[in-house]
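Okay, so chain A shows up in both of these, paired with chain B first and chain C after.
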Partner chain A sequence: MDYYLGVFQTIGVHTLLGLSAYILLLTGQVSMAQIGFFAIGAYSSGVLTVIFSWNIYPALAFGALLASFFAFLVGFPALRVKGLMLVIATIAFSEIVRLITFNFVWMVEKDGIMVGAEGAQGFREIRYFTTNGWDSSQVVLLIWIFVAIVMAMLWWLDRVKAGAVLRAVGNDELAAQSSGINLTTVKVAAMTAGGFIAGLGGGLYAHAVSYVDHITFTILMATFAISYPILGGTKNVFGTLLAVIFIQGILIEAFRFLEDWRLIIFGLLIILVMNFMPDGLVSIFKKSNPGKGN
Partner chain B sequence: MNIEFIDIVQALIDGILYGSTYALIGLGFTLIFGAMEKLNMAYAASSIGGAYVGLGVSVLLSLPLYAIFLIGPIGGGLLSVLVYICCFRYLPSNNHLAALMASIGGLFFIDEIISHETDGSPLDFPELGIFSEAYFEIEFSDMFLGFRGDLIFVMFASFLAMLMLMYLLYRTRLGLATRAVSQQPIAAQLCGISIHQTNSVTFILAGVLGGIAGCLAAASVGVISPLLVLPLTVKGLVVTVIGGLGSIRGAIIAGLLVGGLESVFLLLRGVNERDIYVFLLLFVFLVFRPNGFFGAEIDRD
Partner chain C sequence: MLEVNGLVTSYGLIKALRNVSLQAEKGKLTCILGPNGAGKSTLLFTIAGILKSDMGSIKFLNKELSKIKTSEIVKEGLVLVPENRLVFPHLSVSENLLAGAYSRFGKKNEVEEDLESMYKRFPILKERYLQEAGTLSGGEQQMLAVARALMARPKLLLMDEPSVGLAPKIVNTIFEIIKTLSDEGISIVLVEQNAVKASAIADHIYLLDQGEITFSGTPDQIEDNDIIKRAYLGDISES
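Coming up: the complex of A and B.
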């Protein structure tokens, strides 16, 4: 039973990660920075509950807000550099965050033992849930409540003007600009919202598994994050959820016996989808750079 | 530790010599970008893959040391053209991001295959024979500056490779076709140049450069590991952006600069923090000089 709870937990957290990339993809931006925001959320909320003994909810909120603040900061250079350059910049950002967590040491003594982040050893003993008597099904429920809230909000977003604005920027920047949409505001807003969702996911992940380190935040995870909405398509939020279930639930968990072949298959899968399934992806991007780069 | 001026100069020298491998990798990225206006994220993976092919074939056939440096570049070229076929050839030519994602898939595919075959552990890579033992010292006013023999070899080999590339690009019909495709693909096609054939050649050239860089980097470190792939990818991209996307001289200068600065950061801040500053350098350029040293004004996605 615990195993299945673990799978649900992973799928929930990865859905948040995928949705944070989804909202950016709506505006036509491919960001590899989501795992960096995830790391910021994980470490900052972990520090708050472990070192400062905060309650879980304000800690999660703070982690998400801090991540969205960094997303806001990254959003501005993102306006100078579009498309390919944005990808390079966000990869560099994620790697910088990962290397900072690798070097991050903040330990204090609590009840006779040292707790906190220990550089390359990672951040261990994030035990808020166990010390406060949560059992694992309650943790999974909490994660999925957040997933449901975020999905509902993104669903609602698509039904109001703001969603139309996001998609307008994604479809054709020039046309969006000429109908009075401020590209700067829209892109930075999408980046900030994406950072918030990724930071929330990071905080939940850190507390659910009680241990994070820099290996959690590699480029591979950034690729996972962006591949969910790309594989699932940006028609609606459920595509992302389905892609997460497909990759994490089926490819990674159900095919456990394939061991490290699973990641080889993941690489192959992306190549194949890009070659043969243009509808999930190509139709979105084609419109985002009309008449350019032929 | 008391760091004196001479230590920094020495670190800078070592770094610039080693940085010539970064220059080669940056050159490969920029060559492909210049030809197709696309990023090949699998490039560093195919370069390291080429070095693995060289090592593997040489060990299996028990060939002498220098065979690695011949087979490695060939392997790099083959892997690179394979990446072209899988991740670029059949994708829509105006869709930069699809090709980018496909090549990220290619990066993980190659990386994970290497990890799978070697159980993820580093392999010993033969050092450069007599060059590894050589060490020169030069007295400069009242400072003694050392030059490692293997790094000098790396520098010479890299520059030889660059000169060969320049010769190919600017003195042969093949290079003329490559440059024509990168400047005006449609006009080039009208002149009877096959775009796919030319692009394949560009990928092979870039792959050979990458294979050379992979072999040289592995030989000067003494080991080869799949863990080299991602840092080399990010550093190659940093070099490409700092030099200016599509600029050949920019990539060379930026490669040497990144190598030198990396070595100084290593001296000042240690191995764990070194790469943070190298990557931050990218943001400095993105904010203040987004087109790099020599990049053309880019106004595209």
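Coming up: the complex of A and C.
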């Protein structure tokens, strides 16, 4: 049972990470910074519950807000670069954050033991849930409540004009600009929202697994984050969820016997989907689209 | 209405516009003709604020535009229809139109009304309102691009080569649309390579060559000027 809860937990956290990249992908920004925002959310909310003994909810909120603040700051220089250059710039950001967590030491004594972040040793004992008597199914439920809220909000966003504006920028920046759309506002807003979602995911992850260190936040995770919406497609939010279930639930878990070969399949899969399902995995469930007639 | 004075715009070291001055009057169709690489698109991009000028002024309804952002310029009522029918290919026709009304955020009823009037003006767009814009034909995309610009309720419409890459029959339709808009009193600045068709509907013509205005006058004046006539219009009797 615990194994399945663990899988659900991973899928939930990765869905948040994927959705944070999804909203940026709508505006045409391929961002590898999501894992950096995730790390900021994880560490800052961890510090708050462990060192300052905050309640989990304000700590998660603070972690998400801090991550979105950094995303806001990253949003401005990100405006100046596109495509591959943006990928490299955002990798640089994530690496900076990772190296900061690698060197980040903030320990205090609590009840006779030292707790907090210990540089390269990582940040252990983020035990809010266990000390407050949550069992793992409640933790998984909490994660999925947040996943549902974020998905509902992004789904709603796509039903109102804001979604069309994000997609307009992703479709054609020049045309968006000449329609009077303020590129700066739209792109920075998307980056900020993406940072918030990633930060929230990071906070939940840190508390669910009770231990994070710099190895959690490598480029591989950033690649996963951006792969989900690419693989799932940007038609709607369910594509990202589907891709996470497919990668984390089926490819990683069900094919454990293939060991490291799974990563090769992962790469192959992205190429196949791009070629044969340009609208992403979500197109499996697509009914005939009335608009797209010939 | 629009007054451009001494405009200089460059791409790095290359000056694409050197000291361009021109005027567009209210309710008139002003046409800018010129060969490839003359700086026509650069001129419209600079007026629309997408490119920044090095020197010179752009006054629209007595307001200086050269230092403000494109999104603000659209709010002032100056809207560009970019070249090559840049519609949003993966948005539906109706979403494309609504995106055009971005600058009028909050005026929902008005926007709805305009949407209906666009569908009346271009019935084909109504037929296809759920269809992804990328699946429309070239002519339909150009209509959509024009309609999207009109959704911003422009006081002055800047059109960048609306006829480029379209079949001759469709080109005629597009020029009819431009003529109709102009007859309705919408002020237009039209950039074209199709000199014959453009000069047939223009009120005033500028010739732009290598970043400089080389002629300014009415279509009749071009008719009287043999050199320009031959260089830009060819022999009209043959075409």
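Please note the rule applied: the second predicted complex is superposed on the first by the 270 of 294 C-alpha atoms of A that agree within 3 Å, B and C clash if a C-alpha of one lies under 4 Å from a C-alpha of the other, contacts with A are read in each partner's own complex, and residues count from 1 in each chain.
In this text, contacts are C-beta pairs under 8 Å (C-beta built on N, C-alpha and C of every residue); 3 or more make two chains touch, one makes a residue touch a chain.
Every value quoted in this text rests on a predicted model; they were computed, and no experiment measured them.
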Can A:152 be said to touch chain B (first), chain C (second), both, or neither?
-> neither
So, does A:258 touch the first partner chain B, the second partner chain C, both, or neither?
-> neither
Partner chain(s) touched by A:108 [first = chain B, second = chain C, both, neither] | neither
Is A:230 touching the first partner chain B, the second partner chain C, both, or neither of them?
-> first
Contacts of A:220 with chain B and chain C, given as first, second, both or neither | first
Considering only touches as defined above, state whether A:172 meets chain B (first), chain C (second), both or neither.
-> second
Identify the partner contact of A:180: answer first if only chain B is touched, second if only chain C is, both if each is, neither if none is.
-> second
Which chain, chain B or chain C, is in touch with more residues of chain A?
-> B
Chain B versus chain C as contact partner of A:161, first or second or both or neither | second
Contact residues of chain A, present in both the chain B and the chain C interface = 292-293
Residue positions on chain A within touch of chain B in the complex are 30, 77, 80-85, 87-89, 91-93, 95-96, 99-100, 102-103, 119-120, 218-220, 223, 226-227, 230, 260-261, 263-264, 266-271, 274-275, 278, 281-282, 285-286, 288-289, 292-294
Once bound in the complex, which stretches of chain A touch chain C?
-> 161, 164-165, 167-168, 171-172, 174-185, 290-293
Taking the complex as given, what residues does chain C use to touch chain A?
-> 48, 50, 69-71, 74-75, 79-82, 86-92, 95-96, 98-100, 102-103, 105, 128, 130-132, 135, 145, 148-149, 152
Residues on chain B engaged by chain A in the complex (per definition of touch) | 37-39, 86-87, 90-102, 104-113, 115-116, 185-186, 230, 234, 237-238, 240-241, 245, 272-273, 275-276, 279-280, 282-283, 286-287, 290, 298, 300-301
